[in-house]
Amino acid sequence: MANLTINIAGLTLKNPVLTASGTFGYGTEFSDFIDLERLGGFIVKGTTLHPRQGNPYPRLAETPSGMINAVGLQNKGVAYYIEHIHPQLASLKTNVIVNLSGSCIEDYVEGARMLNEVETIPAIELNISCPNVKAGGMGFGTKPEMAAEVVREVRNVYRKPLIVKLTPNVTNIAEIAKAVEDAGADSVSLINTVLAMAVDAERQRPILSTVTGGLSGAAVKPIALRCVWQVYNAVKIPIVGLGGIMNATDAIEFMLCGASAIEVGTANFIDPTVTMKIIDGIDEYLDRHGCQNVSEIVGALKV
Amino acid sequence: MANLTINIAGLTLKNPVLTASGTFGYGTEFSDFIDLERLGGFIVKGTTLHPRQGNPYPRLAETPSGMINAVGLQNKGVAYYIEHIHPQLASLKTNVIVNLSGSCIEDYVEGARMLNEVETIPAIELNISCPNVKAGGMGFGTKPEMAAEVVREVRNVYRKPLIVKLTPNVTNIAEIAKAVEDAGADSVSLINTVLAMAVDAERQRPILSTVTGGLSGAAVKPIALRCVWQVYNAVKIPIVGLGGIMNATDAIEFMLCGASAIEVGTANFIDPTVTMKIIDGIDEYLDRHGCQNVSEIVGALKV
Amino acid sequence: MKKYITDFKVVANEQLSDRLFILRLTPADGSHIAPCRAGQFAELRVDDEPRVFLRRPISIHRVDYDANEMWLLIQRAGRGTNRLACLRARDQLNIIYPLGNGFTIEEQVPDMHYLLIGGGVGVAPLLETGYQLKQYGARVSFLLGGKSCAEIAQVAQFRKVGNVYITTEDGSVLEGLDCQRGFVTQHSVLKEGSFDAIRVCGPGPMMKAVARLVSSWKQNERPHFCEVSLENKMACGLGVCLCCVEDTKDGHKCVCSDGPVFDIKDLKW
Amino acid sequence: MKKYITDFKVVANEQLSDRLFILRLTPADGSHIAPCRAGQFAELRVDDEPRVFLRRPISIHRVDYDANEMWLLIQRAGRGTNRLACLRARDQLNIIYPLGNGFTIEEQVPDMHYLLIGGGVGVAPLLETGYQLKQYGARVSFLLGGKSCAEIAQVAQFRKVGNVYITTEDGSVLEGLDCQRGFVTQHSVLKEGSFDAIRVCGPGPMMKAVARLVSSWKQNERPHFCEVSLENKMACGLGVCLCCVEDTKDGHKCVCSDGPVFDIKDLKW
């Protein structure tokens, strides 16, 4: 039994296994299958200042070893979350982190200000990388100056750990990571989904209502690992790695590349108990490799 | 039996099915399995002005629905190709296109000048997108100005159809496509491989000697389709689409998104006869959809 | 209702026709099947098929608690269902169940007469629904539609539960049953005042036609008078991914968790 | 040599041990197996296994042209070989073959004495090699090494072809055979002057140890005196992807098409 505790950005996780926003609802949907309090934490559904209906149907396409979604941040808004949803989660003995998105800087700032007031929300994940919304979203995450600006403004009002979620749909993700680090982010999480498209050849139509959407699942793991590795070599703040993690070995690969913690996304759909298996698998791996602390494997890749 | 003939960039293809550079050798390796002359054409191994040994072993990692390679343009150079290899291919009744790579503009230009003189080489594919070489390669393909410059210089010396191969590892592929179109490219082909990484968790080492490499195969198809669609909406020159095409339906999806022709890459490894099946499948599809000409489906996606 | 993730063992795979088959399943570890509400569904993990990444939603056709068996009626539609069609006795299948809300059963009104309308493989959830309704003392009739009689599955099973009415597009008939040519909406049994509640599962156009027909009826003012079971592509089946939405009068609702059963009055049809 | 892409049918899958099994295959369409050179290999498509994308290279263990059967000796190593281990009689398997160059057989010198050294599953190509050498009138001996006797496969088959010498790391012995404790390089039969040619297939360290031992010998001056069969991860098996290179004295060579068999003098060992 190695020590699985890890600190990121001033946040203490009992283990490095988190769940990814948009793939874990508000956690409670999984309580029939797993003990939520065994998680290092979970990140709730993408939340925006104002409620959003999301994109029209169809929102889903299956692809080789992956899926494309075009949900478009359907949610009831920050105020509703704070008032009606968070109270049900607040007493859980794990970190309930809110994923905050926005279509303009003011919305991000206002949302962050409101979340800052809720004592039982230990951190936010700032989503500047959603490919599924017209205004803002990924737009903020593709230019270093824009990314830095939104982070700087949010930093002004948000006093707790601030994790910034990055998009892989850029020429140089390390540059973006560096920019948000300089602007005051405590941590970066990556990757969000990869911009992608699916076509119904017989009907000669795009499968998604929005034509393009975000690719996730096992197929993107090699891309995500590369991104984590590039960012690890560019910044000093801790990294939360995700993208295609399906099992403990995948999770360990991310940690070896420099992730201090990981998030499990799409894999929750295929096996709702997968997070528990990943925690156990990391534990077993550390024992087998004679590690006392999970932190020993972070960035331990021998190159 | 629809008419499968298509024109791209002044080049007549008897059908839109080409093979992708680096996955089809010099074609002859496949002559036990298929009739090379049934192909619209094939694109030979990446060639550079000077011979290259490529990267050290290991060069290959298998990934979910894909593979990562780190070959690094191992080849014997343009002069050797022209003198020793091309003569064996010159009499084939199909288009034998040379994929030209370089580590500096001068090399591209000199290589193109030499290839321009060989009458039986109908076109070149200018590879400004190889992720597996230290100098040049993808570097040229990630900045619009750089991409435009190399195309402009090559255009000066190369009089025949010039296809420029683009990388998906950019924030805005349409912008790069536009830049090379303006610089004189007759066509763009996309996508080259996606920058990726694989890790051996037990040995705590990268699998590839170069740490990162290029992802190809079914896993990248959703990304490639999106790129083709974005570029189709930005440029007027014809597009050659590729990335994860495993069967005729995949090929048709690319054409619906705007590709005038397609290339088959990694799929050749899994089924060396796949190109023939794709040609037959396109033919059958056109009949079923009442099309007289394959060009009718190019960009026919209803959005 | 509590959800489970369970390995089932195939007891038998019965081919009904080229395209339709029934999987009879029992928990591999011998445990009891969990209580399921009529109209709920299961998410099946399809192993050994490289082109299937996500689970596949399949309605619960029947739960035989005595035999400790769950039956699924499945139609080959593509890669996943084709693979499921190859399962043999003793093969295992990982299943999340029971999911979704299921049809409303008016437990306080035992002598109600329900009409369960099904088309194609949409008849699947209606068998268990019929059994559960009968258990609550309701009267049950079925109206099943198809291109031809041969395409209507499980008629003998449905007859064990209630009256069966049939419509076929080609006019083919089944001995001893009230078979009429046309669509289900054209069957003479489907008349205002004849039934206290209607439950429908089948192709979208069929369900919409029924909804259009009954929405002017007086009974339609009752809550849950006409419920339909919708389909949609699903990623999670748990209400977390928001991929499977239907645009209802109350905004986007998840077919998997807010449905699959909806009151037609809540839909924008 | 002409290459083929052929659907084979499994005649039998014989489990030799927990990890080793033999697939006996025959072309599904009843056609004749193509001529294969000893030491060549095949690329197997592994169906129904989502985590396998590329084909798997497997040596040709034996071709029985009379029975029209190809035998493959396979060790479970991971996802692909585990899947292959589940194949049953009558299952099909798509194979590209024969690939690579194979061992040199000196056709002009019929009375040569060859020593074929194998370790672990590396014994696979040596059986067919033994048969082919005998056909050309050569004398054949085998030196097979393993952790224990139980791990050395197909000894009875090898004895049909020539003398069998054994080394085991644990000192375990096989009745009637010259078994010695240690590594193959330590067996007393492996002495300068005893053999006209050596062919090796096994784990890298073993092959390197043999190469080191014999490279000072006089016979080593002959071309093809000592050949080894290398492994490498492969994508195409056809010499087109350049993924499988070995760094030789003549630069990068493809294990799949320039090899898998190399003369040790050409290697940088």
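Should a chain be cited, it is by its letter among A, B, C and D, assigned in written order, with residues numbered from 1 in that chain.
Note that contacts are C-beta pairs under 8 Å (C-beta built on N, C-alpha and C of every residue); 3 or more make two chains touch, one makes a residue touch a chain.
Just so it is clear, the structure is predicted and the values come from calculations on it, not from any experiment.
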| item | value |
| --- | --- |
| Joint neighbours of chain B and chain A, given as chain labels | none |
| Chains contacting each of chain A and chain D, listed by label | B, C |
| Farthest chain (mean CA position) relative to chain B | C |
| Chain B and chain C: spacing of chain centres that average the CA atoms, whole Å | 48 |
| Intercentroid distance (Cα basis), chain D paired with chain B, Å | 36 |
| Rounded Å distance between chain C and chain D, as computed from the means of their C-alpha atoms | 56 |
| Two or more partner chains touched - positions in chain D | 50, 52 |
| Shared interface positions of chain B, touching two or more other chains | 61, 63-66, 218 |
| Graph class of chain-chain contacts, one of line, ring, star, complete, other | ring |
| Full enumeration of touching chain pairs | A-B, A-C, B-D, C-D |
| Interface residues, chain A side, partner chain B - complex | 61, 63-66, 68, 142-143, 169-171, 194-199, 201, 204-206, 211-212, 215, 218-223, 225-226, 229, 244, 249, 252-253, 256-257, 285, 297, 300-303 |
| Footprint of chain A on chain C - complex, ascending | 2-5, 45, 50-55, 96, 232-247, 251-252, 257 |
| Partner chain C, residues of chain D touching it in the complex | 47-50, 52 |
| Chain A - residues contacting chain C, complex | 22-25, 29-30, 32-33, 45, 53-54, 56-67, 69, 71, 74, 217-218, 266, 268-273 |
